[in-house]
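The two complexes that follow have chain A in common; it is paired with chain B in the first and with chain C in the second.
Right after this comes the complex of A and B.
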């Protein structure tokens, strides 16, 4: 069953549109990545889904509901949780306090203990201030916090950015374990290898448009395509 | 599965979720020295009428009313980051409501109803203005410009609607507050007693304000001010929060206006206008934005300074006052309260050492 569908979405900022006719659809339970070089409109695509920017044309449907013009707190209540690129951790709150911030429906939340179940590291750090966490720990916390409302879909904006290779692997393992529970995930990444490893399907963007999409198994072999659109040199 | 999120919880639940989490970091700000200073200050203020002249006490009454007004501005500007250039429109609205009601219906107790209405009506107006503007996606810069226009419109309206407002002559002979139990007793509050009424009102508004900014609602406002997108993608509706705080603030401003009208007995269109709207911003800034107590100190200090300077420098007092403001802002960027927090730290250190 299709969970989210973008049809010919144009969106951008005051200076003009950044994405020009994005169409994509994601099935429930799929892990999909959106790849492309810096500045091609990946983050803007996420922002238009969440409602930080409104599409100037085109529609976004989520679970059969039109959310094209919904505000961020409305898409959140529909069940879309975004983990932003800067992670958005409250620096002066502890790990546990950060996990208490999101608004949750008490009948349908993931308890803080459940979050600690995914990220045992966070439990050890529960009384540490957000600003004292490493980049990887902050990323785990941001994902954990996004899971609190038990979303229907998780949007991850550059989860590997600025992390050491070993830590990227840990984050990847965590995302995979969330995916195994049946969570629908859309990952925006510049780190192509990382994204291809954890997702089953990928869209590749250039200049605000989707150039192609395919299964990650096939894309991984297709060095020419990766080189052409993403500048990846696979060994 | 598909209608899982169709009944989102709104209202009080949102507040309880953030409850302990955000309060923790603010709770620590309350220190011994802080409480000590406030307590001492309050004692001095209670003794003031017995020591000082009636003239000085009268100045303090107005200063405290302006202090309440300054708190109302600090709630929106200092915490939610919404700059209003037209808050006098609400102060004046409260004052005119009080003036019109008490001069039309000359019952001693009517002033009490006036105080309530002077809170409720400006609060509703503020809610509507903020609700309509913010939900139409107007940015905070434009909102500021619109509040400026609001002050100008309000003072013009007071001039034009002269049947009700007395036009440029204003309203005179507004009776002082009083309490009446028909057939039993009538009690009119004297000017000296009014000092205590206003002091109680100021302390009450301050404590309520403090309560609000330390509550989950208040900390969410600060969060919205710092990063609206971050807060809204955790499920909070920024428009709702900004609208509520604006309405609350305009209500308090109106309440202060009503206290003013009952005290001075005379109100006129400048009370709604641009000049008072900017003056209150200066008080807040000089006192210390986002501290609640700072704006009260700022309003009191500057109002008293204004009176002192106008006696000392007959022709140049406005210039002198302006220079003083420039010096304060340059030397103490955190406002007068910034100086206090340095003293407070010293006292705390002293308390710890002994």
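Right after this comes the complex of A and C.
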């Protein structure tokens, strides 16, 4: 069953549109990545889904509801959680307080203890302020916080950015175990290898448009495509 | 000597705590919404007039007025947020002008309704209490305790309740907060209303120990700004030391030298503090 469908979405900022006619659809339970070089409109695509930017044309349907013009707190209520590129950690709140921020009025919310069960490191850090966490800890906190409402769909913007290789592996493992519970996930990444490893399908963007999509299994073998659109040199 | 010193200190303390209430309202509005609210003094004035008109003209107990004043002023604040402030977010200069206009309008309304002459509220707790070292007016002692309870209550609210934690999240990063399902617009309206309510409460609480007149808010507006600037906007609790310095020291120096010189010294001190420590006098570790 299709969970989210973008049809010919155009969106951007005051200076003009950044994405020009994005169409994509994701089935429930799928883990999909959205790949592309810096500045092609990946983040803008995620922002238009959650309503941080409003599409100038096109529609976004989520679970059969038109969310094209919904504000961020409304798309959140629909069950979409975005972990933004900057992670959105509240610097002067503790880890525990950061986990208390999300609105959880659904019956299937996850308690803070459940999040600690998932990321045991967070429990050790519960009284540390957000600004004192390392990049990897902040990413774990951002993902853990996004899981509080037990969303129907998780959007991750560059979860591996700025992290050491060992930490990237930990984040990848965490995302994979979330995916195994059946969560629908859309990952935006510049780290192509990381994204291809954890997703089953990928869209590749250039210049605000989707150039191609395919199974990650096949893309991984297709060095020409990866080199052409993503600048990846496979050795 | 000890008697005089105790009386002076208690006077300074009650002035500083009352100012803390008002300044806390200003700090909430500025901290949450980035709005410099020049109508804050007028909100205090309205609160004081409620505490005058209810017991003196309507036969309602002062204590009921003390409870109703923040509610009424809070509703006025919510209304003003809805019809004016909401359209001016992120436009600092425009909000300054708009809140100044609102302030003028509120003061004129007060003059129309009650005239320009000063009013006095009869003391709801007449009599004095023997503290051993000195005999001190009962209402002022009540005021000290009342302000402490309200201040502690407000800080506990921000520290311990989910709504309080969420409000702090909105202060720190409104965009990230909206991604956690928080309705920014509604949070802003609550903040403005509760900031206004604190000014109204402060006005009502000080009414029995001051003269109530249409322009009484000006001094409090100024002192509140000084308290917030001195304490710094990084932590709400910073308004308490800020207020102690502004109102407390002015109060003591007024007795020792002259009111005008005392005010001048406080102004100069605030200006120097702004230059030397623009982030406020409280340590970074207090930031919440």
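Throughout what follows, the second predicted complex is superposed on the first by the 234 of 235 C-alpha atoms of A that agree within 3 Å, B and C clash if a C-alpha of one lies under 4 Å from a C-alpha of the other, contacts with A are read in each partner's own complex, and residues count from 1 in each chain.
The rule we apply is simple: a residue touches a chain if its C-beta (ideal position, glycine included) is under 8 Å from a C-beta of that chain, and two chains touch if they have at least 3 such contacts.
All figures in this text were calculated on a predicted structure; none of them were measured in a lab.
Colleague: Mind checking the superposed model to see whether chain B and chain C fit together on chain A or clash?
Modeller: With chain A aligned, chain B runs into chain C, so clash.
Colleague: Let me test your reading of the model: by the given contact rule, A:91 touches which partner, first (chain B), second (chain C), both or neither?
Modeller: second
Colleague: As a test of reading the superposition: which chain, chain B or chain C, is in touch with more residues of chain A?
Modeller: Looking at chain A, the partner in contact with more of its residues is B.
Colleague: Is A:218 touching the first partner chain B, the second partner chain C, both, or neither of them?
Modeller: In the superposed model, A:218 contacts neither chain B nor chain C.
Colleague: For A:64, decide between first (touching chain B), second (touching chain C), both and neither.
Modeller: It touches chain B, and chain C stays clear.
Colleague: Figure out whether A:207 sits in contact with chain B (first) or chain C (second), or with both, or with neither.
Modeller: A:207 contacts neither chain B nor chain C.
Colleague: Just checking: does A:78 make contact with chain B only, chain C only, both, or neither of them? Give me first, second, both or neither.
Modeller: Once the two structures are laid over each other on A, A:78 reaches chain B alone.
Colleague: Have a look at where A:114 lands relative to chain B and chain C in the superposition and call it first, second, both or neither.
Modeller: neither
Colleague: Looking at A:227, would you say it contacts chain B, chain C, both, or neither? Reply first, second, both or neither.
Modeller: neither
Colleague: Do chain B and chain C touch any of the same residues on chain A, and if so, which?
Modeller: Touching chain B and chain C on chain A: residues 50, 52, 71-73, 76-77, 81-82, 84, 88, 90, 92-93, 97-98, 100-103, 145, 149.
Colleague: Mind pulling up the chain A residues that touch chain C in the complex?
Modeller: Touch list, chain A to chain C: 50, 52, 71-73, 76-77, 81-82, 84, 86, 88-93, 97-98, 100-103, 145, 149.
Colleague: Mind pulling up the chain C residues that touch chain A in the complex?
Modeller: 162, 165-166, 168-169, 172-173, 175-184, 287-288
Colleague: Could you please specify the touching residues of chain A with respect to chain B in the complex?
Modeller: Against chain B, chain A makes touches at 50, 52, 63-64, 71-73, 76-79, 81-82, 84, 88, 90, 92-94, 96-98, 100-106, 108, 145, 149, 152.
Colleague: Help me check something: in the complex, which residues belonging to chain B touch chain A?
Modeller: 1-2, 4-5, 7-9, 13-14, 17-22, 24-25, 223, 227, 229-230, 232-239
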